[in-house]
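Following this message is one structure expressed as structure tokens.
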Amino acid sequence: MLSYLLAILIIVGVYTLLTQCLNLHYGFMGLINFGVVGFFAIGAYTSALIAIAGYPILLGVLGAIVLASLSAWPLGVLATRLREDYLAIVTLGFAEVVRIVVTSESWLTNGVQGLPGIPQPFSSLGPNAQGLAFLGIVLACNLAVLALIMRLAHGPFGRLVEAIRDDEVAASALGKYPTGPRIQIFMIGAGIAGLAGALYGHYISYIVPDQFVPIVTFYVWMAMIMGGVGSLPGSFIGAAILIGLFEGTRFIDDAFPGSIGVEMASLRLVFIGLALVLFMRFRPQGIMGTRMQS
Amino acid sequence: MLTMYFNLVVNGIVLGLVIGLAALALTLVYAVARFPNAATGDMITVGAYAGIGVQVLGSRNTLLQGSAAIAACTILSMAYYWFVFRYLRGRGMVALLLTSIGLALFTRGILSFFAGHEQFVFQIPLVEPYVIYGVIIQASDLWLAVVALLSVVATFAILFLTPIGRRMRAVADNRDLARASGIRAESVMIPLWGIVGAVSAIAGIILGIKTVVMPETGWLLLLPSFTAMILGGLGSPIGAVLAGIALGVAQEVASPFVGFTYKIAVSFLVLLVLLIVRPQGLFGSLEEVR
Amino acid sequence: MTYLELRGVSAAYQDVNIVSNIDIDVDEREIVAVAGTNGAGKSTIIKTIMGLMPRCRGTMTFLGHNLFDYAAEDRVRLGISYVPQVANVFSSLTVLENLKVVEGVRDFPGRSTEIFDLFPVLAQRRRARASSLSGGERQQLALARALMSKPSLIVMDEPTAALSPALATQVFTMVRQLPDIGVAVLIVEQRARQALAVSTRGYILDSGNIVMAGPAADLLADTRMADLYLGRE
Amino acid sequence: MQKAILFSAQDVNAAGGAAGRMFEVISEDSETSPAAGFLAAKKLVEINEVRAVLGTWSSAVTLAVAPMLDSAGIIHMTNAGTSALAQANKAGLIFRFSAPSERTGVSLAQGAIAQGFKRIAIMGINNASGREVAEGARKALEAAGVEVVSEVIYQPDQPSYRSEIQQAVVGKPEVLILGSFLPDMTIIVREAIQSGANVKFMAPAWAVTPKLIEAIGPGSEGIMSADYVSAHGTPAYSAFAKRFEDAVGSDPSGNYYASCAYDMVQSLALAFEAAGGSDDNTVIANALREVSSPPGQTVSSFAEGKRLLKEGEKINYEGASGPLDFDDKGDVEALFKLSVVSNGEVQQVRVLK
């Protein structure tokens, strides 16, 4: 029981990180990133490969953050020049290319077979203690990211963004946000997603390209919308509701045994789709948010 | 050797026509509502399943199947607009896009709940191809090309030769001016979404006949169609179709050089280069002239 | 007889009032000018009348109808036509299509032929895309489209904004003729002096408020006004 | 598959349960997604406190849940074909009820050679199973000194495979070995026929099903398939098939995994019975090896085996899906048969050695 709860909380934590990444990109900067899962994949693979090669897990995690950030650089440059909806599709395509690369370059990534046996931290502790320790790490990462975003938001650049957002005249006069910091923010966000990927890989201990399909990105968007765009506590609440929806539907079947079975997957899709539509229609600001940027 | 490339070009055109039809449906919505409608893919799937439904009921008449698909998708598409998108006008691109993703998942969930995850196949006779100087042309692909062309022509006829089409283009061009000129946007939007549904239905039937019908059928077509839409210039119907074909050909002709797993990435690469070099798309667009 | 009557009208973007407490009248076959500098709120008044502003208050009647009861697309049917400042034509449509597209609005089939008689330049270019027209031609086309529905009132948003002085004079000549065919005009203009010269009455707008109103000739003669708002010749 | 498991469990319970205990089946959906599968299995283990997890078939899902089940000491019965499974089987609790994909590829190659084909091309879908089938076939052909005319790995979910087919048949092969699943195989065979490719097709049995034959029509005549010798035609299978059809309402031959799923529950129940209802899963696993392998009297249902066990006999379970003699790695000894589609039905031609 405990171990299952821990597993859910850890996955929620990973999704919270992803949602924070998106909140930084979209909620804070208005960058439409539809390639969250690409950075997630880069992080997961980088860290896993470094750790499997025998280096410390910590080094892998650092590598994941760095590589995910670096991979975001060209996209960040592009983002400063492209219309918002173009960026959406470019990032979507980027994530697909990442998936195709990890699928194809099997000398490095073991391709479609996936990477089994990714080292797990605290594996000597036994399932419950290990889960607890891992949850602690995930929590710490989330808090660190939270602190980082708060600092960015209240730093000089954050005030600039805030000022521009509130002043239409200034916005039209300046045209867009300054380029340099915009690219930096994009890279920092990508690093956060990379971190999430690393944690995810080390927890599940097996990664395969199938885990990094575009729908994951949309789930993260859903979590952000439900939690509230631009709201940091919302990131957690959104992720929790999302995973709650996934996992909660498992128990429907227990309550009415044999009634739905495999059709549950279809129903889950219906629930999620409906939730997204209803949120957008009736509560676009999410549960925690106060405003919706358009 | 040259024959091989000619064959690849033919393959690319066939593939591109399917992508182009989906891109046409996408771009029509984009022209008037200014967002990429992610529900298009699953609308295409609905079309395919509607055709299968007719087959299950006992008719193998493709015309009948197609009519059922068009009827189903037209109604569904208009319902999407009436019950959902109508209320979201002016909310911005992201809100509309996410809503359309929600509708896409919802539609697919409903479909797979009732039809299951197993494949369905249109029962059509398999016939030998025409071979012209080594270039292989399948009879079914000729039909596909004719139907695709007809639907494009029909769409154009509606847009350019009828009063309602004129009003649609006027609303797409400048919604405020259209309203202030007395054009009721609503009376334009509903038929437009109907047309979008019909085009999706035709794409669905064609895709279904060419491949197998499964709940994910249309969704998987979405990314290349998005690319084609941008490539063709957002909101440009002719551009979308031509860009679809261009993408298909580029992808297939590139495959001997990059391999079959990377060929999908080719369309993304084309897109990237184009966006940097020519952000208004290959064929210009409404954006350009506004 | 009063065609258009605005009483205490305010309009806002989000929570910021752009114009407040405006009174404006336009009578039958009258040309009324609203003059003011950039950002005074001129276009906002026009958009409010046409139903394109999301938030407005006050009372606004046209031929006795409360305009707030009518959606933007229905105000045309009451007999108001609109000539916007920029994006005043459907640029991806041809000249002919620009006219035909509004043919069904008040149902005057064949009206485009009459219009082409009034605008020979457009008749020559009827198959051309509107985007290929010059600024002056576009302005003509916009006016032509506005006349398609045989309106009683045309509201014009800075029709000469992007035009050379010579073309501007041409436009004002056209405007001056409109009352002769039974159309009243409400025109907002930065070229206040020229606009007032063709008008019967005028309003001076500053920072969203009407600061002066009266017969056009009086406003033109008022030297204080001339210094502050009309610019020196 | 789920239906077959439920059906099988009803059988066990109707026979009075195993070692006096009834089987309860709780199903979870892996969505064939590794992450979802992981959480689903975790929930089964932690919340429902199951003793065994049955019926994973996607390689990705199986590999994602295997380490977790392994460390929790849960018996894991699967149909996944991936070769990486052997590494994950540390505690000897994993049992694979079908052959590894690579072995399927080998047998396809053997079948092609046995049928006298000289020019052979290979196509495989770019996923774990497809690649392993293709690889197995290529290795076997090379070992036998037969030239592989061309080998194409293709992406899943494409609307058309014309260029891929074109590439595969460019060297005029007589037969095309397809490491495919049903949907892509359907598209490929249809497109190949329609583009006039004069070639025969050969694929794993999981892709050559009545659905495929229905989809291709008369053109499906002569398509060959290879798979693990199931007990097709044996009394064990016929009895199962008839009862399954009566109870569930569909013919199990359409679903390759139905008979495997049935056997999973039956053999597990026998092991449970033989181990006297032990609470130790390692004991059960060892018992499972014992009751499913010779020596012993051959049985093909739990009820039959239970009676013999009560009498103190040794038994050897031969199920509806095959003889099921597990080795140390949890794999069954691979014995393959070649079948061919004729008169719209898949018919066995020969057993491959």
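By letter and in written order, the chains are A, B, C and D; residue numbering begins at 1 in each of them.
Definition applied: a contact is a pair of C-beta atoms (placed from the backbone, for glycine too) under 8 Å apart; a residue touches a chain by one contact, two chains touch by 3 or more.
The model shown is predicted, which means the values in this text are computed figures rather than measured ones.
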Handout entry: Interchain contact steps from subunit A to subunit D (minimum; 1 if touching)
Key = 1
Problem - Leader among chain pairs (count of C-beta contacts) - result: A-B
Handout entry: For subunit B paired with subunit D, centre-to-centre distance based on mean C-alpha positions, whole Å
Key = 38
Exercise for the section: Express in whole angstrom the distance between the two chain centres, defined as the mean CA positions of subunit A and subunit B. Expected result: 30
Fill in the blank from the handout: Between subunit A and subunit C, the Cα-mean centres are separated in Å by 52
Problem - Distance from the mean Cα position of subunit D to that of subunit C, given in whole angstrom - result: 77
Handout entry: Overlap residues in subunit C, where contacts from two or more other chains coincide
Key = none
Practice task
Enumerate the residues of subunit B that touch no fewer than two other chains.
Solution key: 261, 264
Exercise for the section: Give the residues of subunit D that touch two or more other chains, as numbers and ranges in rising order. Expected result: 126, 155
Fill in the blank from the handout: Full set of chain pairs in contact is A-B, A-D, B-C, B-D
Handout entry: Residues of subunit A that touch subunit D when the two form their complex
Key = 1-5, 7-8, 11, 100, 103-104, 111-114, 116-117, 127, 204-208, 210-211, 246-247, 250, 253-254, 257-258, 261-262, 264-265, 268
Problem - subunit D residues within the subunit B interface of the complex - result: 126, 152-155, 157-160, 162-164, 166-167, 170, 182-183, 186-187, 190-191, 193-196, 211, 214-217, 219
Handout entry: Complex contacts: residues of subunit B adjacent to subunit D
Key = 4, 7-8, 11, 14-15, 18-19, 118-119, 121, 123, 125-129, 131, 136, 138-140, 207, 210-212, 214, 216, 220-221, 252, 255-256, 260-261, 263-264
Practice task
Under the touch definition given earlier, write down the residues of subunit C that touch subunit B in their complex.
Solution key: 50-52, 71-77, 81-82, 84, 87-93, 97, 100-106, 131, 145-146, 149
Problem - subunit A partner contacts - residues on subunit D that touch it in the complex - result: 2, 6, 26-29, 31-36, 38-40, 42-43, 45-48, 59-60, 63-64, 66-68, 71-72, 82, 84, 87-88, 126-128, 130-131, 155
